Amino acid sequence: MRWLARNLQQRIRRGIMRSEICLIVGGPQGAGLETTAQLLTISLARLRYGVISDREYFSNIVGRHSYIHLRASSREIPRSLRYPVQLIGAMDAETVFTHFQDLEPGGIIVYDSSVENKVVDSIPSMERDLVSRLKRVLGELGLDGSLKSLVNYLSREENVVVAGLNYAELITRLASRVSLPAQQASRYVSAIVYAAIAAFLGLSESSINYAIESRFRGREQIISINKLIIGEVYRLIRGRYRSPVILAPSNLNHPELMVVSGNDVVAMGKIVGGLRYQSYYPITPAADESFFIEANERITWDGSDIASIVVLQTEDEIAAISSAIGAALTGARAATCTSGPGFSLMVEALGWAGMNEVPIVITYYQRGGPSTGQPTRGSQSDLLFALHASHGEFPRIVISSGDHLEAFYDAIEAFNLAERYQMPVIHLLDKFLANTIVAMPPPSLENVRIERGKLISESSGERKRFESADLVPPRYVLGSGAITWHTGDEHDEWGHIDEDPENRERMYRRRMEKMALADQEIPDEKRLSFYGGNDADVLLIGWGSVKGAALDAIEDLREDGIKAAYMHLRILSPFPTRLFRGVVEKFDPGSAIVVEHNYMAQLALLVRMITGVNIERSIVKYTGRPIYSSELVSGVKRILAGEGRVVLTHGP
Amino acid sequence: MRWLARNLQQRIRRGIMRSEICLIVGGPQGAGLETTAQLLTISLARLRYGVISDREYFSNIVGRHSYIHLRASSREIPRSLRYPVQLIGAMDAETVFTHFQDLEPGGIIVYDSSVENKVVDSIPSMERDLVSRLKRVLGELGLDGSLKSLVNYLSREENVVVAGLNYAELITRLASRVSLPAQQASRYVSAIVYAAIAAFLGLSESSINYAIESRFRGREQIISINKLIIGEVYRLIRGRYRSPVILAPSNLNHPELMVVSGNDVVAMGKIVGGLRYQSYYPITPAADESFFIEANERITWDGSDIASIVVLQTEDEIAAISSAIGAALTGARAATCTSGPGFSLMVEALGWAGMNEVPIVITYYQRGGPSTGQPTRGSQSDLLFALHASHGEFPRIVISSGDHLEAFYDAIEAFNLAERYQMPVIHLLDKFLANTIVAMPPPSLENVRIERGKLISESSGERKRFESADLVPPRYVLGSGAITWHTGDEHDEWGHIDEDPENRERMYRRRMEKMALADQEIPDEKRLSFYGGNDADVLLIGWGSVKGAALDAIEDLREDGIKAAYMHLRILSPFPTRLFRGVVEKFDPGSAIVVEHNYMAQLALLVRMITGVNIERSIVKYTGRPIYSSELVSGVKRILAGEGRVVLTHGP
Amino acid sequence: MAPSLADYKTDVWVDWCPGCGDFGILAAMYKALAELQLKPEKTVIVSGIGCSGKIPHFVRVNGVHAIHGRAIPFAMGIKLANPDLTVIVNGGDGDLLGIGAGHLVALGRRNLDITVILHDNRVYGLTKGQASPTLEKNLRPKALPKPNIQDSINPIALALASGFTFVARGYTMMLDHLKELLKAAISHRGAALIDVLQPCVTYNDIHTAEYYRERVYRIEDEGWDPVVRNPVERQEKMLEALKISMEDEVRIPIGIFYQDSTKDTLEDRIARRLPSYLINPPAVQKIEDDGRPILTWEIFRKIFAAHFVESEPSL
Amino acid sequence: MAPSLADYKTDVWVDWCPGCGDFGILAAMYKALAELQLKPEKTVIVSGIGCSGKIPHFVRVNGVHAIHGRAIPFAMGIKLANPDLTVIVNGGDGDLLGIGAGHLVALGRRNLDITVILHDNRVYGLTKGQASPTLEKNLRPKALPKPNIQDSINPIALALASGFTFVARGYTMMLDHLKELLKAAISHRGAALIDVLQPCVTYNDIHTAEYYRERVYRIEDEGWDPVVRNPVERQEKMLEALKISMEDEVRIPIGIFYQDSTKDTLEDRIARRLPSYLINPPAVQKIEDDGRPILTWEIFRKIFAAHFVESEPSL
C-alpha cells in the first residue's frame, strides 16, 4: 500500500485536512457494525488520534438499526460527541434515511448502491414514527422516498460526496478470489464500510493492517481475507473520490493509547482495586462488565496465581446482592453490577448491608426508565432513587463518574470508601459511559492506594462486631477466628437482636453519624470539580456523563464570546455542601443551570434538598440519546435568551 | 352487682373522680394482654368514654414483655397518649419493673403478689440494657432489686396504691368453683387484671358484663367463668382499696362508638371503596388488614351476594404487587398491603404500574428500619423512599393519614385518585396507627364518592390504551371487549414498544404532566390541614400519626401560655406547595418545627426539595415508640429555649 | 364472524433473528388460537422480558408484556380478577426458571387455570447469550467466556414436583405437534406448562435444529398415556412421567408427560368460598351506584357490627 | 481444647414459645456440632426471618441472620468467598419454600456444599400463624380466618427435582435421629436439605406432636438405602426417593431419602477454573502490598494488553 503515503502528502498540500472529524457508521444490529467501529478505533488510536464513540442500538439482537457515532481528534482526547457529522458510513438504506439530516453539507456518504431503489416506507425495521416524519421531510424536498433520489439530492444540493458501492457485487467478486463460501461473504460488509471510511479519512496502510491484525488476532485466514477486501475497497475509494475530510496527522504524542468501553474500564478498576467476588444477573448495559471480569478471573504472574476472582451469574439480582454481602462478610472485596430493574430488586438487601455495615459495592449503570423503559438507551434518572432506596435510614456513599478515567479511579475508590466507612457504596454510571469506547491515555497506578479500613482478619473468640466506642467499629470478618453475629434487626454491640429504646437510639445514631464522618473526611476535591473561571457568566452544573459535553460546551461557548464554567459533582453522598455553596455563591443565582439526562432535573432537587440552594434553570434530555456538546451550546444560548428549562432532543 | 352503683355514688361525692386517665397494662406476650385491653376498651366505650390505646410488643410470639398504653377520656375522643400514667396493671413482675418510673405519684399498681420475690436481674425475658439501667436506678433508691422492695418503696415514698393480688391463688380458688382444669386456669390472669382495673376506674357492672358478652360472644361457658372471676376480683378490690382514679361519667353523647385498630379501619375503607382484589404476603404490622378483609371477603345483603373480594396470600411481595397490577388491568379495584421490607421488594413492579398507568393502591405500614429493623415498632422513616422508589421517573400519589378517621377516608380516596389519574397510589401509614385501637364515633358515609375516572368497561376492537390526546388516556380494561397492549418498555399509543426519540419525549412528558394535573386538581384542603391560629408563636409541621400528639400538644402548650399551631400534611405527592407556602409565610421562619418519627427529619428535606422553604428546627423520635404529647410539649419548650434539634426518647 | 388465522396477527414487525425458534412458537400459537377460535378480546397473553417476552406484540389478542420473571404473578392477578379470560403466559428459560422460579413453583401448587409456554433456548437471548438455567454444565455456547459451571434444571421434573396438572414438551420445528400441545394445554383446566425446545440461532450453537432433529422423539409414539383418570392414579403416572423426563440428552422426549383434570383449580376453590365469584367476578362487579358506594351505611353497620359498641342506655 | 456441647451455647435468651419444635432442632444442632467437633470460628449459621430465623443468636458459632427468604444466597456468597467455612442455613417453610423457593431451586442446581435445615411447621410462625407452603389444602390451623385454599408443596420432591445431592427428613421430637441426620448432612459434600417436621405449638393445632407421633416412620427401618454409589444409579434412586416422598399423610417417612456424593460440587468446578481457589480463597487473598494494589502497572499492562494500541512508530 505504498500509494497511501504519496496520496496523503498530496492532500496535505492541498490543505483540505481537518483536525477532527465526526462520523456515523450505521447498519442493522448483528451485521458487524461493532467490527467496523473497532477497526476504525484501533487504526485511529494507532495513529495517535484521540477517539470517542457512542453506540446506539435497539433492544433487539438482529435487524434493527444500530449506529456508532464517533469523533476523532488530532488535537485532544475528545470528551463528547457533536453534530453535524462529516461522514456517514451506511451498511444499509435505513442508515442513510435515519441520519442524512445530521450530515454536514459537503460531507460524505458511503452507501450500498445495490439498495438504491429502497423507499423509506418499505423498510420493516424502521419505526413508524420515524418513517412518517421522514416521508414528510422527503416530501417537502420533493423527493420520491427512494434512497436514490435522496443521495442524488444530497449530492446535488448539499454538495455531499455520495460514494455508492455495490456491496453485494464487490463481495461476490472479492470472495471468488479467496474462495469464500457465499454465506460467509455477507459478513464482510463491515470491512467494506471500514475500508471506505479509512480511505476517506486518509488513514495509513500500516494502521489499517495493525487494526486488522489486532482485531482478528490469531485467525490468520480471516486476517488475510480482510486485508484483501479492505485494501481493494480502499484503493477503489482513493481512486474514485477526492475526500473533503482527510484527518491531519495527530499532534498527540502518547506512546500508546488504551481502547476501552466504560464497562471495560470499570472492570479494570475493580480488578486493580482488589475485587474478589463479583455476582451478577445479566442486564443491559451492565453485563459486559462481568463478562470482562470473568474473562480475567484468573491472574497469574511469574507462573503463579496472584489473584482469582469468583464471578457468579446468579438466579436473580436479589441473589446477586445477597451473595455479594455474604462474600463481603468474609473480608473479600465484593461487588455486584446491575442496571435499574436489577437495582430495584436489590433494595431490600441493600438495607441489610446498611444495617450491618457491610462494605459492598454496587456498580449501577443507569438506563432509560421507568420499568423496562428503554433498555439499551441512556439516562440519569435514578439519582434520587439510588440515594433513598430501601426502607429505613442508613448511610450510603454514592459516587458517579464523569468519564472513563474517573470511572477507573472511582471503581477503586468505591472499595476504599466502602471499607473505610463500612457502608454500601453505589457507583452510579450510565449506559452512555458503559457503551462509549474511547482511545485514551492509560491511567496511572502511581497514586492508587488500597485502604482496608478497620478490617480485622485475624482474631479469636467472641467479638463485638458493632462496638460503639468509635463511629466505625472493628470489622471482624467471618473466618478471621473471631465469632460474631449479624442481624438485620436492630442489635446490640454483639450483633444480637435488641429492641431496647436506648440501645436503638445509640446504634441508630452511630450508624447515621458515620455519614457525617465521611462528609468531614472525604476531601472536597474528590467530590466536586470546578472547570472554568469565577468570572463566568454561566455556571453549568452536572454529574456523570454530562461532564464531557459540558466541558466541550464551555470551550465552544467561549468561542462565541460566552464565558461559561462547569461544576461537576462526583460524590453525591455525602454531598459536598460546603464546596458546592462556595462555588455557587461566586455566581449570580440566575446564572446557574443544571444539565442532566432526566425529566425532573434531579440534581437540582437534590441540591435544593441538601444545600437549600435553588437552581432554577435546567437543560435536560430524556430521549435516551446522549447530550451532544453542539446542542448543549445552543441550549445554553436559549437559557441566556430567557428560557427557564430547555429540553434537548437531538439524535435519532 | 348492685354494690356497684352504690359504691360509685359515694366516690363521686367524695370528689376524687377524674375526667381522663392514662394507664398501662403489661405482661408477657401471649398471656392474654389483648383480651384485657379489649374488655377494657369495650366497657369504656359502652360508657361513652373516648379511648385510644397503643400496643407495644417485641418481635416475639410468647414470653417477651408487651404492654398496652391506654388513655380514656370523659370529655373527648383522645388523640394521643401521654405520660405519666395513673395506673399500672401488671400481669408479671417485669411489667412493674419496666414501667414504675412512668407512674404518677399517688397512682395505682395492680400486681401479682405471688412473684414479689422476683429480682430484676433474674428475669430472662428482660433485655440486658434495661436490666442494667434498672439495677442502677433501684440501687440509687436503696432497693434490693426485688419486686417487693419496689412496691413497698412506691407505696411508702410515692403514695402509690399497691394492689397486690395472688393471681395463682385467686385463680385456683375460683377455678375450683367452676371446675376449670388447672392448665386452662392461667388464661384468666388477664381477666383478673381487667377486673381490678375496672374496679379502680369505677366502671359499671353492666358495662363489664357487656364487654364480657361481646368479647366472648357465643361461648357461653367462657362468659360465665369470666363473669364469675371478674365479679369476684372486682368486689375484692372495691372492698379492699379506695381508688384515687375513678373516671367521671362521660360528657360525650355518641349513641355508639366504633372500636377499631388502624388496620381494621383501613380495611373497612378499602371495602367501602370497592376493593375487589387484595394480595398480600404476611408482614407485621400490615397482615392484620388482609386478615380483616379476608374475614369479610363475602358481603351479602338481602340474601344475595353484593360483593366478593378475592384475597390472596402470595408467595412473596413481588407476586403480591404483580398480581394486584394484573387485577387492576381487568378493572377491579386492586390493592396490596405491606410494610418496609415488602415494599422494598415491590419497587420494580411499581415502576411497571407507573409506566403503564395502572391504578393500584399500595397500603404501606411503616415500621422501624432499616432492614428487619424493629419489626413490631413504629417509625416514619420511609417517606423519601416511597416518593422515589423504583428506577426511572413516573408519577405517583402518596397519601398519609393522621388518624383513624383520616385513614378510613384516605383508603377510599386512594382508589379514586388512582383511577382518576391512572397512577399508583401509596397510602403511607405506620405501625403506631396500625396497632392503635380507638373507640371513636363511626365515620359518615354521607360524602363518600366512588370516582372511576376514565374507566372503559365496554368496548370492542383494537384500542389505543395510551392515547395522548389528553393527559389521562381512556382506560380500556382487559375483558372490556377491547384489545389492548401493555409493556414496561417505552411504547406508542397502542402500547407497542417504541424507541423513537420523539415518541419517547411525548409519552414521557405526558406521564409526568399527569402529576401537574393532579397538583392542579386535588383540592388543597384534602392535602393539608392547619390547626391553630395565625398568631401562634410556634408552628409544628408533621404528617401521619404525629397528628394526634401535635394537636394535643398545642392545646397543652396553650395552657402553659405558648401559642402553637399545627400544619398537617396529608398528601405528600403532589405536594401542596402553594398552600404550604401560604401557611408558612405567615410565620416567623425560625418558629417552624417539623415533628417526625425518623432521624433525618425527612419531611423537612422534602419540604426544602419541593418548596425551597428551609425548616431548620426539628423534633424527632426514632426509638420505635410513639411520640407522647407530654414529651412533645417539653420538646417544643426546649426548642423555644434555643435547641435546634430535639430527639425524643420516652417510652420503654 | 369466526376469526381466521390472519386475525390473530398484528402489523408489528417481528424483530427476532431470522431463523429463531421463536417463530415456530408464534406460528403454532396463531394456529392454536385460530383452531380453538379463542376470542381475541377475551384472551390475554402475558409475557416476561427476553426475546420470548416480545411475543404479545405480535399477536392480536390482549397483550401484557410484564417485567422479567413476573409474568406468572401478573397473569395470576388477571385470571383471578376475571376468570372469564383465557390467560397464556410466555417466558424464557431465564425468566421462568431463573429469576421467576419461585412463581413457577407457586403456580403449580395453586393449579390456577393458566397456560405457561416456556421458550427454552438454554441461553439468555436478549442479553446476548449468557447461560440460562436449562444449559447443561460444562457446555460453552458461543457467547460464554468460559464453559458453564452451573448445572441445568429439568423443567418437566420441576413442574411435576410443583403440582402442575398439565406438563408437556414441544419442539418448535415440529409445528403441528406443538400446536396440538398448545391447544391441549389451553383447553386443560388448571396450571399447564409446555417446555418448548427453541433453538437460538444467534447464541446457541450447541442446541441447534440439527441437535434436536437427531434426538427428539414423541412419547405418544412409544405408547405413553399421560392422562390421570382418577386421583389414585396420580402418583404412579407422575413417577412414570418423571422417569421419562429424566432420560439423558441422547433421546429427548416430547409430548404430553402428565395430564390430570381430577384436581380442583384455584378458581373452583375460591368459588366454593365466594358463590358468586364465577358468575360475577371481581373485575366486573358493581362497586358504586351513581357515584356512591354500594356499601351503604346500613350494610356497613351490619357487616362490621362486631366493632360497634352501643352506649349504655343510661347509668 | 475440644469444644464441649456447652461451648456451642450463647447466653442469649431463647425466646421461642415453650414447647416449640424449634427447641428440638436447636438441641440436635448443639449435639451435632459438638459431635462433629466443628470449630465455632470456622462455622457459620445463616438464617432467614421467622421464628426459625432467630437460631443463629442461640448458637456460639458465627451467625448471620439475614433477610426473609435470602439465607441461601447470603450463605452462597460466604461459602464461595471462603470455602474453608462450614455453612449451615436455617429457614422456615415460608422462608425457604415461599419467598425463597427460587433460591432453593438454584442451590440445588449448583450443588454448593451448604446444608439447609428447613423448619417445617406448616405455618408462618413469627407473623402469627398464616398458612405456609407446606400446609395442605382445606386445612385450617387456628389463626386462619378460612381454610387454606392453596395446595401444599412437597419439599423432598422439590429438592430432588432441583438437584440437591443430599435430601432427608427429620422430626424434631426424635432428637438423636435428627442429630444424626444433621451430622450426615453437614458432612456431605454438596447441597443438602433436611426437612424437619417441627410442631408450632402456638399456631398449628393440626400438625402437633401427637399428629406426628402416630404417623412418622423411619425409612431406614424399612430397608431404604439412599446412597448413590455410581452415577448410573442416580435416576433409579431418585425415582424411588421421589416415590417414598409422595406417600400420603397417613404415614410420614423420615430419614435420608437420597445421598449422592458422585457429583462434583460448585467449589470443585470453580477450582478447576481457578487452580488456587481452594488453597487461597478470595476471602483471604492479598490484594495490596503496603497499601498499593498487588496489580502493579507491569501486570496491568500485560493482562489487559489486548486493550492497548501502541502508536505507530512514525509516519
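For reference, chains read A, B, C and D in written order, and residue numbers begin at 1 within each chain.
Operating definition for what follows: a contact is a pair of C-beta atoms (placed from the backbone, for glycine too) under 8 Å apart; a residue touches a chain by one contact, two chains touch by 3 or more.
Keep in mind that what you see is a predicted model, and the values were worked out from it rather than measured.
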For the pairs A-D and B-D, output the one whose chains share more C-beta pairs in contact.
A-D
Between subunit A and subunit B, tell me the centre distance in angstrom, where each centre is the average of that chain's C-alpha atoms.
48
Compute the distance, rounded to whole Å, between the mean C-alpha positions of subunit A and subunit D.
41
Please report how many Å separate the Cα centroid of subunit B from that of subunit D, as a whole number.
38
In angstrom, rounded to a whole number, how far apart do the mean CA points of subunit C and subunit D lie?
30
List, in ascending order, every residue of subunit B touching at least 2 other chains.
58-59, 297, 315-316, 341, 348, 352, 371-372, 487-489, 497
Where subunit D touches two or more other chains at once, the residues are 49, 65, 67, 98-99, 101-103, 105-106, 133, 146, 150, 270, 273
Would you identify the shape of the chain contact graph, picking one of line, ring, star, complete or other?
complete
Please give the residue numbers of subunit A that touch subunit C in the complex, ascending.
30, 58-64, 124-125, 281-284, 287, 291, 294-295, 297, 313, 315-317, 341, 371-372
Touching subunit B in the complex: which residues of subunit A?
58-59, 127-130, 133, 339-341, 343-345, 347-348, 351-352, 354-356, 366, 368-377, 379, 381-382, 384-385, 387-394, 487-490, 492, 497-505, 508-509, 512, 598-600, 605-606, 608-609, 612, 614, 622-625, 647, 649, 651-652
Mind pulling up the subunit B residues that touch subunit C in the complex?
5, 42, 45-48, 204, 206-207, 210, 214, 217, 249, 253-260, 264, 268, 271-274, 276-277, 279, 296-299, 301, 304-310, 312, 314-316, 318-320, 322-334, 348-349, 352, 412, 439, 442, 444-445, 448-452, 457, 460, 462, 477-489, 495-497
Of subunit C, residues touching subunit D in the complex:
97-102, 105-106, 108-111, 133, 137, 146, 149-154, 157-158, 160-163, 235, 238-239, 242-243, 246, 266, 269-270, 273
Note which residues of subunit D are touching subunit A in the complex, please.
10, 12, 40-42, 44, 46, 49, 54, 56-57, 60-67, 70, 72-82, 84-85, 102-103, 105-106, 270, 273-277, 280, 282-285, 287-288, 291-297, 299-304, 306-312, 315
